[in-house]
Structure formats: C-alpha cells, structure tokens
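Next come two complexes built around subunit A: one with subunit B, the other with subunit C.
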Partner chain A sequence: MFQVIHSKIAKIADSPSALNILYIPALLMFAIFIFLPFFQGIVISFMEWDGYSANQIWVGINKYINVFTDSNFYTAVKNTFIYGVGSTLFQNVFGLMFALLLDRNTTGEKVVRTLVYLPAIISGLIMGYIWYFFFSYDGGAINDILALFGKEQIDWLASGSRSVWIITGVNTFQYLGISMIMYLAGLQNISRDYYEAADIDGASYLSKFSNITIPLLMPAITVSVVTNLIGGLKLFDVIAALTGGGPGYESASISTMIYQMYFVRQDAGYAAAQGNIMFIIIAVISIWALKFLRSKEVEI
Partner chain B sequence: MNKTLNKLLKKVIVILVGLIYLVPFYILINVAFKPTTDTSSYWMLPKQLYLENFMNAWVNAKLGRAFKNNILITVIVVVIVILVGSFAAYPLARCKTKINNFVYTLSISCLIVPPLTILVPLYKLIVNTTGTSTYPGIVLPHVAFQLPITIFLYTGFISSISRELDEAALIDGSSRFGIFFRIIMPLLKPITSSVIIMVGVSIWNDYTFSVFFLQKPTMYTLTVSLSQFFSQYSNNLSWVAAGCMLSAIPMAILYFSLQKHFVKGLSAGAVKG
Partner chain C sequence: MKSKLIAIVSILVIFALLLTACGQKAADSGKDAPAESTLKEEPTKEEPAKEEPAKEEPKKVSLTATTNLVGEWSKVLEDMLKAYSAENPNVTIEFSAPGKEYENLLKVRMASSDMPDLFSTHGWSQIRYGDFVADLKDRPWASQIDPAFKPIIGDDTGKVYALAFDQDKSGPIYNVEVFQKYGVEVPETLDELMAACETIKTKSNGEVTPIACAAEGWEEAQFFDFFASSLFISPKDNSSAQLLDGSFDWNKWDVLAQTWLDMYKKGYINKNMLTAKYDDNLKAMALGTAAIGFYGPYFIDEMKAVNPDVKADMMPIPSIVAGDTPTFAGGERSTIAVWKDSTNLEEALKVIDFCAQPDNVAKMCTFTKLPPALLGVEADAGELAATYEKYKDIRTLPYFDRVYLPNGMWDVMCKNSQMIIGGQITARQFSENMEKEYLRLRSIQD
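Showing the complex of A and B:
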C-alpha cells in the first residue's frame, strides 16, 4: 500500500506537468504587483480619496466625468499621441535610413554606429538635462546660434506646443539607435540573391527598396514599431527632466498628469481613472498596430 | 564617375551623422568643465579644465551614496529576474499544454501594462506592505515589470534547444528537474548575458519607479539624486552638467568595452518577435 502511494507521488513529481511549479514564483509576482493593482485601480477610480487617509467615498463614475470634462486631460491625450506616434514615426524612418547608410563594416561606419547607439544606454532623465543646455533661455546653445545670426532669443521651453516637439525629438534622438540595430539585423537576413536577380531585370534602386527590402524587413518593422509605440506612449522621464509637463499641463503626457494628480493634487480617484483610460488607449493602439503589421508580413 | 560621387556623398553623410551625435556630449563636457563665472558660449571649449564642479556635484548631489544604491538595487533585481524568469520559461517552452500557453500569453501581455496606469494601487500596496524607501519596496515592482520580457527571451531560447537532449537525459534516469538544473541551465549563458544587459540598463537608468518608491534621501538612486540636485541648483548648470557626466560615465565605459554584448542585449527582444 505504502509503496503504491510512494510510487504514485514519484510518478506525479516526474510527470511533465510537475515542472509547472517552476512558473509559480513568476505568476505570483504578476498576480501581486500587476494584476491585483490593476483590479484595485478599477475600484479606486470610483472613489473620492486623497491617497493616504482611510476616507474612501464611493462616487460612481464621477471621476470619469471629471476626467472627460477636463480640458487639461485632452491636452495630455493629444501630447501622449505626439510622443507615441511622432517618436515612432521619426525613430523608424531615420532608424531605417541610418541602417541603410551604415550597413558596411568599415571602421568609420562602425564608429558612427557606436555613437548613434550611445544615447540608448544613458538614462532618459540625464538625456533630458543634456538637451536642457541647448534649449534653456539664458545662454542655451541654440539661442547662442540665433544670436550669432542676429536673431532674437527664444524661450523654447516656455511654450507647451514647442516643448512637445522638443521632447519628441529628444526621445527620438535617444532611442533611434535601437531601431537602427533592429533594421541592421533585418537587412543582414535578406539574401543578396534577390538583389542580384532584380539587377539582372534592370530594377531601379527605388523599386528594389519597395519590392525587396521593405517586404522582407516587415518582421523587424513590426517589432521596432510596436516597442517604440509602447515606449513613446508611456514616456515619463524626459518630460520630467525638460518641462515637468509644464507650463501648466501644456506639455504633459497622461503619465506625468497621473503623477501630478496623485502626488501633488492628491486626487487618487482621478489618477486611477486616468490610469485605466491610459491603459485602454495603449492596449488598443499597440495590439492594433501589432495585428496590422503582422498581416503585412510575407512568408518566404 | 557617378559612382565615386555617390560614395563620397555617402561618406559625407556618415560623418555628418556622427558629428550630430557627438554634439550633445561636446556641449555637456564644455558646460561641466567651465567655472560658473565663465559666461562664454557653451560652444566654446573651456579655457582650462576646471575640476571643482565635479567635486561639488559629487558632494552636494551625494553621488557616492546614490552609486551604492544603484549598484545594490540593479544587482538584486537582475539576479532575481534571471532565476525566476528562467525557471518559468522552462515548463512554458517544453510542455505546451493549453494551460501553459495561457500562462505564457498572460505573462507576455504584462508587457503592455505601463507602470503609471497602476501607479495609485501599486503605491498603496508598497506603502501597506514593504513600505516606501526600502530595498524590497523598489526591487519587487522592478522584478514584476522586468519578468515579462525575460520570460519571453528565455522561452524563445529554450524552445530552440533540441528536445533530444532532454529525452536522452530522461532515459539515463535523470529527473525532469535535474535536466533543467544540470543540462538546460548551463546552456542558457548567451541569452542570460542579453538579459543581464537589457534588464541591468533599464534598472540602472530607471527614474519612474525610483522617484515613486524612494523618498528618503538615503535611498536615492542616481536619477533621483540628480533630479533633486537639478531643482536645487538649476541656476548652476555647470554643477548639474558635472553630475550628469559622473553618473553617465560608468555605464558608458561598460558600453564601450562590451559593445557587442550591449548591442545584442538591447535588441534581443527583436529576435524571433
């Protein structure tokens, strides 16, 4: 009897599904630090709460009404789109251009690749401060150039709409190298035979680019676009370094606005409601982009 | 004739791109080496190398302490992520049952949850359990948010290791857990180096979680120290520049000396998307 049970236990312990206990720690981490807060966030978004006291009052969908009637929120949504879609566009267009430009292994091209890649390993916050030296009003590097040409000095970061594009530019500058590397790897996977066959047919550079390079790069394009989108839509540190979302909320993203609402305005319900809306926006955009780009990939 | 012209044009553009990428660092160095009294343009090289900015930044931004915190937090997170991530990946790569496919999808879907969307409840959770400004209070959220990409990388890599290896060991009487620890784990070195770099760089540079969960000055990491320093001395940009330089240099040195690994590591997510 005892032996039977023993051998049964041994059998279970040695069946393939026993291995599943190896993913329990990871699942616990997700459950506690991602899924649980995610559902709590839904509950909190229906509450009037300052974020620390025991006073939580159920207010229904009031916080969502507040969010959707707040003009600052629409500014933040618009900016989030510019940070997300704008940087994705620039990073991929320039990333691909740089990859095509730098795909030989000469010493010069290697050095330039190293330089283009360098900002990606530096914190977004530090990168933001470095660019602050360019765009600050007093003695900023850009204003010095304007002065050289006798133009009037501009307080670049005092204008929200200008700041939004400056921040998008800094984010692009910083992470363009990662897109470039992805495209370089993709380019190396394309067999030279296709180009040789096209050359025999007398195809132009442009036709080779659109009929061979782009279709065969689609897997790399998918990954690069989707990661850039997620990264850009949740941008926080560069904004914190350059403008803090200001002036007012003019250059805020949804991320920085959530931070403000929670830690400064102490309106946890509002911040949670915004968080849920932001999640839906990011999930819809990134899943749609992933599906759309995947459908364009060709099987070889 | 046309071809040589093209080649020359290409070379010029390559050099131009290189210069554009050097400019921000050129300006940073200029600002960092000039005394505050020197009001010459940032474009002008400093007349002499003024090192006091670095001393002031190191002392006032408390960078020594920040470096210690950065190293500790990064190392702990990386070690936990490697262990928990590779453990989880083995069953997910080897027995693709319905449940396991669901678990895998669930793990990967965490990739699209931006930390800020769950800031309020996550912050509350940390306050109520580990407390803010503690090592577990920063390490655990970091681990949870780094695991999805880690599991993705390890699962992809283990799937590419031949199953025959497992089967042969099983016939030799090895237990299934034994196979993982003795045969599979040692084979994971290449992907582990990518994970170390990918996770290490993002934790080292993190500002988002650090500014939420580390509020005591003794717990500040480099980014939080620098942002405090910047708001305190924003009229003294030479100090800020020196602080930025000091904070960025160690990672830059690592990058230049281990370049191949960095490039592979940071774009690892692109392989087998």
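Showing the complex of A and C:
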C-alpha cells in the first residue's frame, strides 16, 4: 500500500508543474497580508473617513491634492530621504570599515564583532529611549558633561534639523553591525589568490581595495545598500521614541506622519494617500538602486 | 532528489493538516458559545428564570474588559472585576490596561466592529463611542446619577452611555510652597496669572520655571482646552452656540494662540517644552523648580510619590473676559461602558451593576479624589476635600474639546501649539489650521 502511494507521489513529484503547489502557502500569505491591505489602502485614499466610524464619503483625488499642497508633507519627505540615504551611507561606510578591520584573525576580533552587532538586536523603540537619556535637556548625559565643563545646556532635540541628524546617527549606530556582518561574509568569499597576485605586481593597498575588494564585494554591497535603504526610508520607531516627529513635524518621516494622520488626526484617507505615495517612492528608489548596483557586479 | 521532494511534500501536507485541525478546534469553540447563549436567552423570555439555576450549573461566561486607566488607578477597576468573578465563579473577565495605546487599539476594534465587552470611554462616551455602547438607562443605579452630571453621560432621549464612577473637576495645579515663597496669590484672571509668572521668574532669578509643560501630545494642548473655555464659553456673552452650529469665527482664536506664544517668549514656560517629557515636569513640580502645571487633581498624588513632603493644590481656571469669574473643567473621568453587540450582554450589564454599588464607586472616588457621579456615595477626597469645599461655588464647565470641537481636534491643538513655539507658524496660521480641521471633521461626523 505504502509502495503504491509512494510511487504515485513520485510520479506527481516528477512533473515540473507540481512544484507550483509549493508556492501556494506563500502566495496566500502574501495575498492576505500584503495585497489585500494594499488595495484596501488605495480605496481608502479616495475616501473621507475617520478610521473607525461607518461613514465613508467618496472625495475622489482630494486627499492626494491635500498631500501635495501640505508643506509638512514635504518636510517629512525631505526627512525620509535623509533617514534613508543618510543612514544607508553611514551604515555601509562604517560597516565596511569594521568588516575590513575585523577580517583578520586578531585577538578580540570576535568580541568586537559581537559588540558592534549587539545594537541590532535591540528594539528601535528601546534604542530611541536609551539615546533620549543622552540628549535630554534636563539630566541628559551630554548636557551633564557640558555642565561639568561650565558650558551652557543645549536642547539638542528642540531643533528640527539637528534632531534629524541625531536620529540618522542613532539609526546608523543601531544597524551598522548588520552591514558589517554582510561585508565580512562577502570579504571571506574573495579568494586570497587575487591579493597575492596583486602583491606580486606591486599594487598598493588602495589599488587592491578599489580594483579587487570593491568589485568582488558588489553582491554584498547590493544587498546591504538596498536593505538599509528600505529600512531607513521606512524608519519609525527611533523617531517615535526620540522626538515623536516633533517639534511639530520638523523631524517627522512619512511613516510617522501616516501614523499621526490615521490614529491621532483621524484622517484615514489622508494617511492612506501618504502611504501609497510612500510605496511609490520606496519602490522607485530601491528598484533603481538594485539595478544600478547589479550592473556594477563583476563576473569572474 | 526525488525522495527529498517527497519528504518535503509530506511534511507540508502534515503541517497543513495540523493547522486545519487547530483552526477547526478554535472555530468549534467559537461556534458553541453564541449558540449556547442564544439558547439560554430564549427560555428566560418565556419562563421564570428561577427554574433554570436549580436544574443545571450556570454556564461559563468569558468577558473582555479594557481600560485607558493606568497603574494603580487601573488596579482599582481590575480588583472590582476580580471581586465580581470571585462572587460569580462561572464568569471570567480578561482584563487589560494598554495605557497610551488604548485609544488607538479601540479605534482599530471599532473599525472591525470587534469591541471588548466592557471598556472605558474616557470622556467620549457619546461622541466617539455612542454608536457602540449599550443603553444603561434601565439599570437600577441609573436613577442615582447626579442630575448635574447626567447631561455629560446621557442625552436628550434619556439614553445613559456609561457608568461614570466620578466627576472630573480640573484646574491648573500649583506648588503651594513656591507660591508662598515668592508671595504669589492664586490668580483669578489671566492677567493675574501672567503677573504671578513674572514675579516667580524674577524673584527666583530664573531658577524656578513658572509653568511646566511638555510637548508630549496632550500637555501643550491642555492650556488651550482650559483657556478656550474661559474665553469662549464662560462669559455671559459667549460663542458656545456658534461653536456648536459651525459658524464660529476662528479669527477669535488668534488671541489664545498669541497668548501662548507670548508666555513662552517671556520665559514663563520651560525652555525645553518642545522636548521635555511628563516625568521631567512631574519632578520639577514636586521638587519646587516649577510652580504651575496644566494638569488635574491626579497630578498631586503623583507629585507626592516623587516628594512626599510637597504641598500642592488645584486652582480654578482663571477667567479672561472682564467681569467673568474663574471656572473648573469637568466631565467623564473613570468610566465603564458595555458593547451593545456583546455576545454576553446580560452578564456584562450585571458586571456594570456590580461596579455601580456604592462601596465600589467609593473605592474609585477615594483613589481619584474626585466627587462621585452617583448620589448617596460617601468618598474621601483626602486633602482635596478642603479645596472642593473652598471652591464649592465655582462653576464647572465641560471640557472644551469634548463638547465644542469635533472628535480628532486634540492633535491639531497639540501640533499647532508646538509649531507656533518652534516658529513654524504664526498665531493666524494656527487659527486657520484649527478652522480647516474643525470643518473637515465636522463634515464626517455630522
């Protein structure tokens, strides 16, 4: 009996189209948790709705017009680019630096690697609160140090432009360990033969770095940059913990503004419109980045 | 390769079967409860209910209760519900107090029509939760609601929206010792408040902040909630009708916005208002490095938790218009309502009746130090008893935003009060933003 079942399953399994069955669970999950809410979001973006009552009034493209005429939205877009592009730049530069430093069998290398990676396992919200105690005006660690040297206290997070860069810095600090791990894995996949050949030819460190390391590290760079970019553009928890997007909307990202508009301002249509625009922004940027970086990868 | 594939397919099939089985179990238990409660309800309509308990064990009932109350305050309610369960062992009440996220969680549940059986309405029983709450007018305690408070918790049709344990009575809180040290009297008008702030700031050489506030999403708007009432509602010639019918002239709001900005520029409000947190101001008020806060009576107990020796009191909200008198802001505070579509409606109503017993109402009012909302309940307001006695003739007007602004305007006040301090908008723009959102939200909620 078992032999019969076994041979029947084997026959089905032999057919290539049978493999398509294995996609079904993933497709179902995607449909329920990604596609359905996405299309519902598009519908809501054409409605005047407070997010919970039975009244939904069709308003056409009014919400999109409101978004494009709202100066606070442009502030949030500018900040989102800083969080996305800024964090990505710093995370990858510092991540690569640490990877290069740690890609040698030195004493303490594993300890340093763990310490650099540790912040990545802490929740973004907790990380934000930890850094709040550094930058707090009253009793913050940095102001206490300034007071020790007789300097005046600074309200670090009161200035929108300053708090945007502080948030970028905190996000960089939290996730550069992930970039470091990706680059370490990438570096360890580069054959030493190339470096030995370059040494024989008298190549300098910089020459080896730009002509061997970077080209062969491109796959890791692609993954790291695209992942960091998407994470940075969607940044929410660090902002919520440090500044709440304030003062006003000065340090808000599109994500925090969507939260504000839906849950606090009770303008679900406006929040949905912003969400759809954010989807387009992130999709365009990440697809472009992926294509650009993939084009730089070398075939050996 | 083939055997690997077979193994993978077999594992997936087994996994899917297990998931289906678990889902079926949950679906079955979900199906049973409504069917049973429906069955149970029919006999009570036709026959005296007394016969049922004698024949069989009371069926197990599970209720969910969630509240905006936090910390020890929520524990008072939780203990009440536990006491009910102890008296009725067949009833289990799953209690949760999500804190800051309570309102957002309830909004999501309202959108999916999946409300908890019992929930707090925190001032919004009519305007926000009105369509979701059961009418409590026929409950035995409904006739005991303080007539002065009844319009807050009920409407013209006689519907009672929630059980209110206490009546909120709020005004600015001040550190008594700071006032005494700098020879400041409790101000009765806004001008006197500004003068008091100037005195405190000058005599303390800037070491004591006259007013402690934080841009945390509600504190900065409290100034507007208090003083909008003083400016637009309290005076004899007021704008209450215009605010209710949508014809209010928002140019009048410029005065309030400008006053707020002037207070900050003159150094009456803490410099780090835009980044301070509630706890920073609590500490400052408790330790005497700040004098006044736009909070409520609950703040005094929290100050004492930081500094047990602190002397703090509540003042009425100063008047603004010449000839007018100070007021308090009032409304719902600790409440509990029943979801009208609860599958265990009868049991939930019995829980409310239990909470409405005088002893239970007294427990809540003793904690909050607020007057009870039900007649015939004796509660100890502690040191605030003297305050309530001192100001017993002061009018209590409903919280401005709950009656005169559509639901959702609070965030507009918060954000704009931050933006005007940060220099991003002017007082005029503040008023324009208020008007725009006022009209938008009214259009949805009308």
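In this section, the second predicted complex is superposed on the first by the 276 of 300 C-alpha atoms of A that agree within 3 Å, B and C clash if a C-alpha of one lies under 4 Å from a C-alpha of the other, contacts with A are read in each partner's own complex, and residues count from 1 in each chain.
In the analysis below, a residue touches a chain if its C-beta (ideal position, glycine included) is under 8 Å from a C-beta of that chain, and two chains touch if they have at least 3 such contacts.
Source: prediction; values computed, not measured.
With both structures placed on the common chain, the touch criterion links A:Gly51 to subunit B and to subunit C.
If you count the residues of subunit A touched by subunit B and by subunit C, you find the higher number for B. Of the two partner chains placed by superposition, A:Phe81 touches none, neither subunit B nor subunit C.
In the superposition on chain A, A:Gly41 contacts subunit B only, with no contact to subunit C.
After overlaying the two complexes on the shared chain, residue contacts for A:Ser136 are found with subunit B and with subunit C alike. In the superposition on chain A, A:Gln260 makes contact with subunit C only, not with subunit B. In the superposition on chain A, contact is made by A:Asp155 with subunit C only, not with subunit B. When the two structures are aligned on the shared chain, A:Gly248 is found in touch with subunit C, with no touch to subunit B.
Judged by the touch definition given at the top, the superposed model places A:Trp165 against neither subunit B nor subunit C. In the superposed model, A:Leu22 makes contact with both subunit B and subunit C.
When the two complexes are superposed on chain A, the residues of subunit A that touch both subunit B and subunit C are 13-14, 22, 25, 51-52, 136, 139.
Note for the complex: subunit A touches subunit B at residues 13-14, 16-20, 22-23, 25-27, 29-30, 32-34, 36-38, 40-41, 44, 51-52, 98, 101-102, 108-109, 111-112, 114-127, 129-134, 136, 139-141, 144-145, 173, 178, 181-182, 185, 219-220, 222-224, 227, 230, 233-234, 236-237, 240-241, 254-255, 258-259, 262, 268, 271-272, 275-276, 278-279, 282-283, 286-287.
Those residues of subunit C lying in contact with subunit A across their complex are 2, 5-6, 8-10, 12, 16, 103-104, 107-108, 110-111, 131, 215-217, 271-272, 274-277, 280, 284, 407-408, 410-412, 415-416, 418-419, 421-422, 424-425, 437, 440-441, 443-445.
Of all residues in subunit B, those touching subunit A in their complex are 10-11, 13-15, 17-18, 21-22, 24-25, 27-28, 31, 39, 41-43, 84-85, 87-88, 90-92, 94-95, 97, 99-100, 103, 106-107, 110-125, 127, 140-141, 143-145, 147, 151, 175-177, 180, 201, 204-208, 211, 222-223, 226-227, 230, 237, 240-241, 244, 247-248, 251-252, 255-256, 259, 262-263, 266-267, 269-271, 273.
Residues 6, 9-10, 13-14, 21-22, 25, 48-55, 57, 136-139, 155-158, 160, 243-244, 246-250, 260, 263-267 of subunit A are the ones touching subunit C in the complex.
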